[in-house]
Amino acid sequence: MIKFTDVQKYYGSFHALHDINLEIKDGETVVLIGPSGSGKSTLLRTINGLETVEAGQLLVDGEDVASSKTNLNKLRTNVGMVFQHFNLYNNKTILENIMLAPKIVLKRGDQENREVAERLLKRVGLADQINKYPSQLSGGQQQRIAIARSLAMNPLAILFDEPTSALDPEMVGSVLEVMKEIAANSAYTTLVVTHEMDFAKAVSDRVIFMADGRILEDAPTDKFFDHPETERARKFLSQVEHH
Amino acid sequence: MKIFTDNWQTILTGFGYTIGASILGLIGSLVLGTVFALMEMTPQPVVRGSGKALVEFFRNIPLLVITLFFYVVVSHVLKINGFWAGTIALALYTSAFIAECIRGGLTSVDPGQMEGARAMGLNYTQAMMQVVLPQGFKLALPSLGNQFINLIKNSSILSFVAGLDLMYQANVISGTNLDPFNTYIVIGIFYLLLTGPLSVVMTKLENKLGGIN
Amino acid sequence: QRSQARENDSLQTVKTTHVMRWGVKSDTRLFGLISPKTGQSEGFDVDISRAITAQIAKQTGTKIKPEFTPVTTSSKIQLLKNHQVDAVAASMTITPERAKVVNFSKPYFPAGQSLLVKRGSPVKNIRDLNRPDATIIGVMGTTALETTKQFAPKAKVIAMPDNSQAFSALQSGQGDAMTTDNAILYGFSSQSPNVEVVGGTFTNQPYGLAVDKGQTQLQREVDQALVTIRQNGTYERLIKKWFGNIPGLDWRELLK
Amino acid sequence: MILSAFSATNLHYLLGGLGITIGVSVISIIISFIFGTLFGVVLYEEVPYFSRTLQLLVNTIRNLPLLLLIFFTYFALPKLGVELNAFAATVVAMSVFESTMISQIIRGGLLSVGKGQSEGALSTGMTKWEALWYILLPQGLKNSIPPLISQFISLVKDTSLATAIVLTEMTFRSQVIYGQNPNYMIPMFALITALYFIVNYSLSLLSKWFERRLAL
Amino acid sequence: MIKFTDVQKYYGSFHALHDINLEIKDGETVVLIGPSGSGKSTLLRTINGLETVEAGQLLVDGEDVASSKTNLNKLRTNVGMVFQHFNLYNNKTILENIMLAPKIVLKRGDQENREVAERLLKRVGLADQINKYPSQLSGGQQQRIAIARSLAMNPLAILFDEPTSALDPEMVGSVLEVMKEIAANSAYTTLVVTHEMDFAKAVSDRVIFMADGRILEDAPTDKFFDHPETERARKFLSQVEHH
């Protein structure tokens, strides 16, 4: 599904991703962890072309993301993304948020579009908030809408970038619930950047540990948490667990 | 007042032309200003450069010079009378200021909005039109309102080119009745009739939006 | 400070301040046109004002210097009423309407209304313009606007703030003809070969010098000065100086 | 032919007009800055009765076209015994109008300083006016610099309106020159456009420079 | 030193202080605690006249604060105040911040003024920051400067309104150090609004507990923390200790 081969990414002269080699298979649930500034968000964002890569090859669903021939907009319909700050459209209602992209990108008919939206809203437990605006909802509710918005495109993969870290503690649970359900569903390839270690342990098949723009470990979840190989990962885990 | 009862037809004609020029000027400058702002915001360097250049150009030269240019030079080529020369100049001049307001509004829209839309597969234009621009307009509303007030006041430029507006009629009237004092006061009241309520609304709006922040 | 020195009597003011302030045009070729070289208005009006001032100085036995303020057609009376000038020499037609608010001298220039058109225009006289699709360009505040409406009631008349803008409007095709006093139109035709004056004058509207209403003392001095300069040849010299070289105009006509 | 538009005589005359344009601008900027600041402070401090009256006055004047004020000052004020030549009338009208605009800017600048600064000063025993003078005004003025400069740019441009009362500033003089010869029109428009642009764009660069410095 | 008798304070129709009766003696150190919105800041600010009182009597150093005859500026030179957000003058250097009010209010001579300022800066441990501007210092440093600025007026009393609550955790210690020294010095009457319970226990003679604009408890420090009388105070203490 997603395949990095010797990928390099620079911000100006700053080398943000070093020699990334990584393969994620269809239906897998992978968690990406690492200290702040290690390049987790950057890696995630290259996958749907929000950041360009400078060297190496990055294939998503068989398409080369870096190639100018690739239609990025089309690729993005297959790869959903959920942001730390939700990024719901403030000028649209909840329903419009969900229906906009399917309508203008997939040209999905109004009736079907609405049915899909309502089904998804029910699934994230917010069927009654249809006509509100994002600012009228709590952070946790907004994040669940953002997830529903991604799902509405029927993506093959969903990328989550610290989806709970901007939430008040009491809001985190409801979002993790929804995410667990998605992770368990093998129809979706799921890649999650998170600091919620319990969640990571519970849902992921594999853990990728990054530091300073490099992948330091790539191991099955149990193995990673029980026997981290690098000193760096051990240190990181001990810090995170203290919070 | 006697000035009004003696000249009400003239004054109301002028009032009509002033309102006409203001509304046409507003529509024109909103459209042009938005185009300029979008030009200034695009990543494409040539388009962005031209957008910036146009805005700086119209911002830094007097409205009167633009008006006279349309009236005495452009009118050689296109048949336009004073009213249209003045109104076109007004729209061009104001569009530079409107572009600044809208650009300000657009830059204060959270960049996450653009990203969110792009990540869903919308292209730049779709994301701009559906998500960013509507929010930018809303944020720009108070400063747009102030520009509209300026535009109404600036429509008095039409008097230089026989645009038949309020100011022009004021000069016609005071040239006849030789009572500039009361004439200009009466005409002033008519301008306040337009700008006053607008400025009250704008102050309210500014306070309201200021209160949220 | 001068406003304190001035009394209600303009003549007295002129004598005590030794300055006579004239309102003259800044945009009217042959009468009052600012020259970029000197930055001052030059023309027949300006020269007449100088001659009259000198003559009044002689008549009253005081030293008087002329001073010039540029005025527009629409502001000249205003400034006179406001005492911002003592007298106006600004190609100003004597009309009963104006005579109610200012005192005019005897006529000093035999003007009449005429038409200026683009060379080769089918318009030959004012009657050709009496149709609804004709546009006549005039100047704001001039009498020509009113008379045009009498002679060509069907035509549309638009008014420009001053002569040069009216002329620009004609040049740019905003109207079929420009109308105002013949002398002014000759000024334009002498300058631009692509226009011509047609149809002769259709009104008789001589110019007068104006002082504020009730300033009969000053007006009398002006009138007397006018008579004197006509007699001593100054007037003829000035007419010849300004109108001697205009194609199609015999300057001697103006002396009749 | 067209180059003769830029004859020494014409250029000399036009630049003289630029001198008047700048002269009117500088004098009006100084006067309106002083009064604008004064009014801005009064509006900010909410002096009983006085501030409300001033606010009403300010709102009335700034909602009128400047051109109307210029005509009024030149043609109507003499009726009240105030007699001004075109230059003085322009300066007076502009100063009155711009003072009201600037007062709003200064008031905004003072408001942007924040209540904490004045409370800090008051709590050490300074009077309201001492707090204003030493603490609020220096910061408020600094915050006002960018909008003030835009206002000054407007002011420079608006001097062209005095053409209407035959002030022989730059725009008027360009008309005199192209009045001599219609072929001079385009050259004159190009020239005065360039001159206005240079003056105003320099001002806006100054403003950007200030903004960058203040951002530090 | 400070005496409230039946003081009432309204914001419009909102009754912010109810029947305040309170006496604080010379040299005492009193801590004021209570839930958010209970009126602690308001009470503090009435003492130096930053807020007016609508009824009752408030005497500070024998002067009636509410009386129009009282010179508030003079009173304020005797009552220093330290704010949550420091409120240093952004347009002045550290030295100027400290020297301004003594110079223009007390008309203190330049030389003495400078000596006092330097002595105080040494005392708060910032003698080397004399020529910097507030924005160049950390929050903790700014707050210590704000305290020095108050002390420079030789006040009889100092009021602190949550002086550490806007600081990063690692900055809190240094400010509390300085405050402890002041509290211990019986030349100053000290009134502190704070959520730092350890600090309160360590330095204060007395605790005032407020809720909903009323003083619910007024007791010696040990007694208050060991045996709070009201249910409200007990609940408040248990909440605060959990954080």
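Quick notes
All chains are identified by letter, namely A, B, C, D and E, in their written order; residue positions are counted from 1 within each chain.
One rule holds for everything that comes next: contacts are C-beta pairs under 8 Å (C-beta built on N, C-alpha and C of every residue); 3 or more make two chains touch, one makes a residue touch a chain.
What you are looking at is a predicted structure, and each value in this text was computed from that prediction instead of being measured.
Among the remaining chains, those touching subunit B as well as subunit C are D. Using the mean of the Cα atoms as each chain's centre, the chain most removed from subunit B is E. Per-pair counts of C-beta contacts peak for the chains B-D. On a Cα centroid basis, the chain most remote from subunit A in this structure is C.
Work out the mean CA point of subunit C and of subunit D, and you get 36 Å between them.
Work out the mean CA point of subunit C and of subunit E, and you get 81 Å between them. Rounded to whole angstrom units, the spacing between the C-alpha centres of subunit A and subunit B is 45. Mean C-alpha positions place subunit B and subunit D at a centre distance of 20 Å.
Those residues of subunit C in touch with two or more other chains are numbered 75, 78, 168, 171.
Each of residues 72, 159-160, 171, 174, 180 in subunit B touches at least two other chains.
Annotation for subunit E: no residues touch 2 or more other chains. Here, these are the chain pairs in contact: A-B, B-C, B-D, C-D, D-E. Residues 110, 112-113, 115-123, 126, 130-131, 134-135, 138 of subunit B touch subunit A in their complex.
Within the complex formed with subunit D, the subunit E residues making contact are 48, 50, 73-77, 79-81, 83, 85-92, 100-101, 104-106, 146, 149-150, 153. Of all residues in subunit D, those touching subunit B in their complex are 59-60, 63-68, 71-72, 75-76, 79-80, 153, 157-161, 163-164, 171, 175, 178, 185-186, 189, 192-193, 196-197, 200-201, 204. Contact residues on subunit D toward subunit C in their complex (touch as defined above): 9-10, 12-14, 16, 75, 78-79, 81, 83, 85, 165-166, 168, 173, 175-177, 179-182. Against subunit E, the residues of subunit D that register as touching in their complex are 116-117, 119-127, 130, 134-135, 138-139, 142.
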